[in-house]
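First subunit A sits with subunit B, and in the next complex the same chain sits with subunit C.
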Partner chain A sequence: MSAESRARIPPASTAITLLGKGVGIEIFRRKEFYVLLFLMCIYAVGVIIAGAVGIEDAATFFFLLNLGLTFAYLSGHLLALLTAARQVPKELEHRTLYPLLAKPVTRQTYILGKWIATTAAGIATLFLLALLSFVPWLVFPEATELSGLLFLQMIVLGCLSIALVAALGLLLSLVVPPGVSLTVIALFFLFWNQAKAFLLAWYGDGPAAGFLGWVLQYIPDFSKLNLVTRYTDGVGPLGASEFLGLAVYGGLITALALLLTGVLFERRQL
Partner chain B sequence: MGEKRPIVEAKDLVVEYGKGSRKVRAVDGISFNVTEGECVGFIGANGAGKSTTIKTLMGFLFPVSGTVRMFGEDCGTVESRRRIGYLPEVALYYPFMKARELLELYGGLQGMTKHELRERIPELLNLVGLQGKGEILLRNFSKGMQQRLGIAQAIISHPEALIFDELSSGLDPVGRHDLRRVLLDIKNSGKTIFFSSHELTEVETLCDRVIMIHEGRIVTEAPVSDLMKPLNLFEIVFSMQDGNTLPESVERLGPARDGNQYRLSINDVELYSRVVHELSQAGAAIHSTSSKSRSLEEYFIELVKSSGNEEGAA
Partner chain C sequence: MNGKKSSSRDRKGLSRTHILWALLAVFALSPAISANLQPSRYEGGRVKDEADIEARNTSAFALILGEIRANVSDLLFVKTELYLHSGVAYMPHLDYGEMAQTGEIEHRPAPTEDREPGTEFDFERHFREHQEEVGIVDHDDHDDEHAPTIIPPARQDFRGFIGELHRRVKPWRDPALAHIHTDGRELLPWYRLMTLSDPHHIRAYMIGAWWLKAQRSETQRKEAMRFLDEGVRNNPTAFQLYLMRGYMHNEDGNIELARDEFALAARHAAEQRPSQGPQHRDWTDYMEDDARGAVRMHVLLERELRNIERAIELSREYRAAMGEAVGFLNRIERDLEAMLEEE
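Here is the complex of A and B:
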């Protein structure tokens, strides 16, 4: 034990990679990803059976494609959210956060590493399951009139949406228990668009309607970033400015959520 | 040789938990130093403020007032943490990881290269008694094995100072013995060690100095040898023969009588020598003499109880 200290301050990129690798190992050895993959395989088998029994019309093709892509889209988000929301609470509960932050790693690097890893895991899930959601193409080869550009736009905005869900998962996990943060974000993800429309319709003529509308537009609306139905409905791609506007919208809210997470975590008594 | 530099400097440290009426002062204005090469034990009852103090040293908690410096830097800076090996109080390491993967993670975060880790990990697993366990998932590790792994991650990069919170928690006697051996090696290599422990024999064996904390305040801070000195207890069992009478100077000490035998306890080495001499002169038959040192544990229990009594009286 007389050896000289070999400790050095690792570059932030190394620390982020190592933290990310840890999250990767966690996802690889837990059940969630495999359950999602299994469900997607059931879908693919169902599509093949549908083809085998002679269901070949275009409407069925688009319906099945929508079903598969929606499931892949939701799965990517779900995995990112589940993983992000448990990172800090579990590490605190098991006290693994202490030896980790006792190493020469800043709290911001820790948050960034966890966010990048959970986002990457969600995106990888989206990609893998999206591949399987194209099984209908094998069964209905004639039904191919879909926009390649819109598909690309759907994937880019889907990735941004996963990044946002991961950032919000980390942020809320610092202030509320993991179960609450999961429920709140899941509800926002699934129903905020409808809830917002209801609120505006219900209070649209009220004295502070303008203020309400102003406030509501700052609450993340995941439906803006979801182009799955637009794609499977065969609608054309978004215009460049509209697409860029949505990309900036997703990027800005994600950055804001990450910034808030960093500030809260930096000041938190552990 | 110049004066040894301070590694840990805590001054008037106050740490509180909670807010408003539920605010609890866990550490109440403590000051202490740990200098280079020292091994210092930090002891106290449950809830005395040991873990809070250590977490503040590591930058996990922020003091309400007072200062803490490590290696001359503000506590919690990346530079100060680079030089410290830290063991938290009972951690349950990632159940989905293998022991080797965990050590690669922690070693990598200490800036160690893959090549260094390839050499260091098997050596380290061997050192903490986990040889051949590198590829086992941690969900299959017992509490004691997790603690051994915790020690391994703390010393992986040969840090200049070690800070251990509840050192031998969860370890069986063999584990504690192995750990003492590892720490003695580290201590003999001139590294600084600061640890809290409930295992006071460990503190007696390893430490140069002891800091005792009770209800957030330091009640004793002294070298272990100084604490042990006044604890010497001597016992003499004797009887008076042939009608000889008990010397008056001995009678004043109030020996306990059991039949024709007397039993006398003395806690001063000079007095003890004088009494033995006087009893011999007076023709007493000395059946046995024994000396015993009270353990640090007994000293600690007395100290805590007397603090409790003082508070009760107040």
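Here is the complex of A and C:
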């Protein structure tokens, strides 16, 4: 490659920004985000009405806050997953992937760009809706027993969890149809913790119980990264080591999923 | 030039492969750490605080949201109660409609309230009440019980025809008649689900174990003990579970094991019991009765094992820790002192 042609290749960051813009436009064209926002607004209006009637005690306030934060948390994940799972299949179906890859954009950059964009969309949704979930505070400002540090930890781990969902969404969309990948990840996101407990309890006394417990740990457990109830429950922040451990846990699986996606996509016959 | 390019590609490829392998290696070892990361496991919190639950249940939102507010395990519990009464909704042990109206978390029975402090604790009655509370009865028909139903009888119902229709289309039984308990065997998977959904649902462990035990086969008894063991693992300070294990060992004739379980139950109960006893918002009458049962059984089993001095010492310790709540120990202690003198 000549120096001249190399100079014409835009840096990866430009390609990622452009891919991000594309994903952003797609999100705004589709209706999921507006549906989530609309539902959250219904929640906010409901809380304001409740405030007008009167939130009598802190317990009700924390209950409402938990409801709002949980919805915001789920919405961020749902949007990231919906967006990530259809990126590659949709571009293959519409044949828009070929002109894109004909440009000086590597496949890794493409995957990275899609992942960053879908993660950012999920995080933005989480932030926006989490802000709305604090509406109860406007009508019940007496509740001050919330831990700022735990809130920070909840947000950081929530963002990591969204990044993980996006990476897994991209990965599975390469091997199974988008509907299947959506369903599988959503089921694992919502129920894996209980399913794991069931399996361990069912086989808890068996000779290979330790081995089973070890193997089950390989499947990502999103509930570990969800601190919403802990936050509204008034329990103290996580210790530094536990928080760091959880961040590494989320980061490790995300990085692995992303690398595998890159490898699979690179080897894929288009 | 080409050679340089390919070697640069190799290096790149090699480094990515290295990263992937390194990550895989770390991932392979990760369960050693991730198994211990349990940020959702903690003691206390507003979700479990009974005063907070009551406050939430009295709010307008409770009425609007209905059962959505309850977690899966609580919903299952309500359903099991309905099942045990053939679908007839009796006034609650735990009922969310009632909770939303009254704000009360638990139906509090009268029997312990009318007992004077320091008077003899009727253990048999306590035991029978407890069994009935958890649905274990030796007879199916309760001649002495006339629990009120959620749907009122015609004589108390102002709704006239609508009320009549309500009674006809929903499972209902006149509260003037003795209520009937159905067999709870079919509920066993529900209790399993309850504890899987909420491993801190102590009552589900207790009732599930009772039903298992009630099947009266050796396998089921072992299963009941395993269920209780799991409950203790998940709730190491739940004294009621030690108490139940104690009863089971006692029935099996393993007196020393039973004594040890009752000792643990009594120790945890004495530590947890607030000085106000059942007047405290977090300490129910059932807990009070279970605490007394644990203390009583611990002392009595020490006596049975002929550790008279130890039994007297324990009795004094428990009286000092729990005061008049364990007034029945006075008589036991006198008997023990008499036995000691005879020896």
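Methods note: the second predicted complex is superposed on the first by the 262 of 270 C-alpha atoms of A that agree within 3 Å, B and C clash if a C-alpha of one lies under 4 Å from a C-alpha of the other, contacts with A are read in each partner's own complex, and residues count from 1 in each chain.
The rule is simple: a contact is a pair of C-beta atoms (placed from the backbone, for glycine too) under 8 Å apart; a residue touches a chain by one contact, two chains touch by 3 or more.
As the structure is a computational prediction, the values presented were derived from the model and not from experiment.
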Which superposed partner A:Leu212 touches (first subunit B, second subunit C, both, neither): neither
Partner chain(s) touched by A:Ala186 [first = subunit B, second = subunit C, both, neither]: neither
Broader residue contact with subunit A after superposition on the shared chain, subunit B or subunit C: C
Contacts of A:Ile116 with subunit B and subunit C, given as first, second, both or neither: neither
List of subunit C residues in touch with subunit A within their complex: 16, 19-20, 23-24, 26-27, 30-31, 33-40, 42, 44-47, 49, 51-53, 55-56, 58-61, 69, 192, 195-197, 199, 226, 230
Residues of subunit A defined as touching subunit C within the complex: 50, 53, 55-60, 62-64, 194, 197-198, 201, 204-205, 213-215, 217-218, 221, 223-224, 226-227, 229-230, 232-235, 238, 242, 245-246, 248-249, 252-253, 255-256, 259-260, 262-263
Complex interface listing, subunit B residues touching subunit A: 17, 55, 58-62, 78-79, 81-84, 86-94, 96-97, 101, 105-106, 108-112, 116, 120, 137, 150, 153-155, 157-160, 182, 185-186, 188-191
Subunit B-facing residues of subunit A, complex: 1-10, 14-15, 18, 21-22, 25-26, 29-30, 94-96, 98-106, 269-270
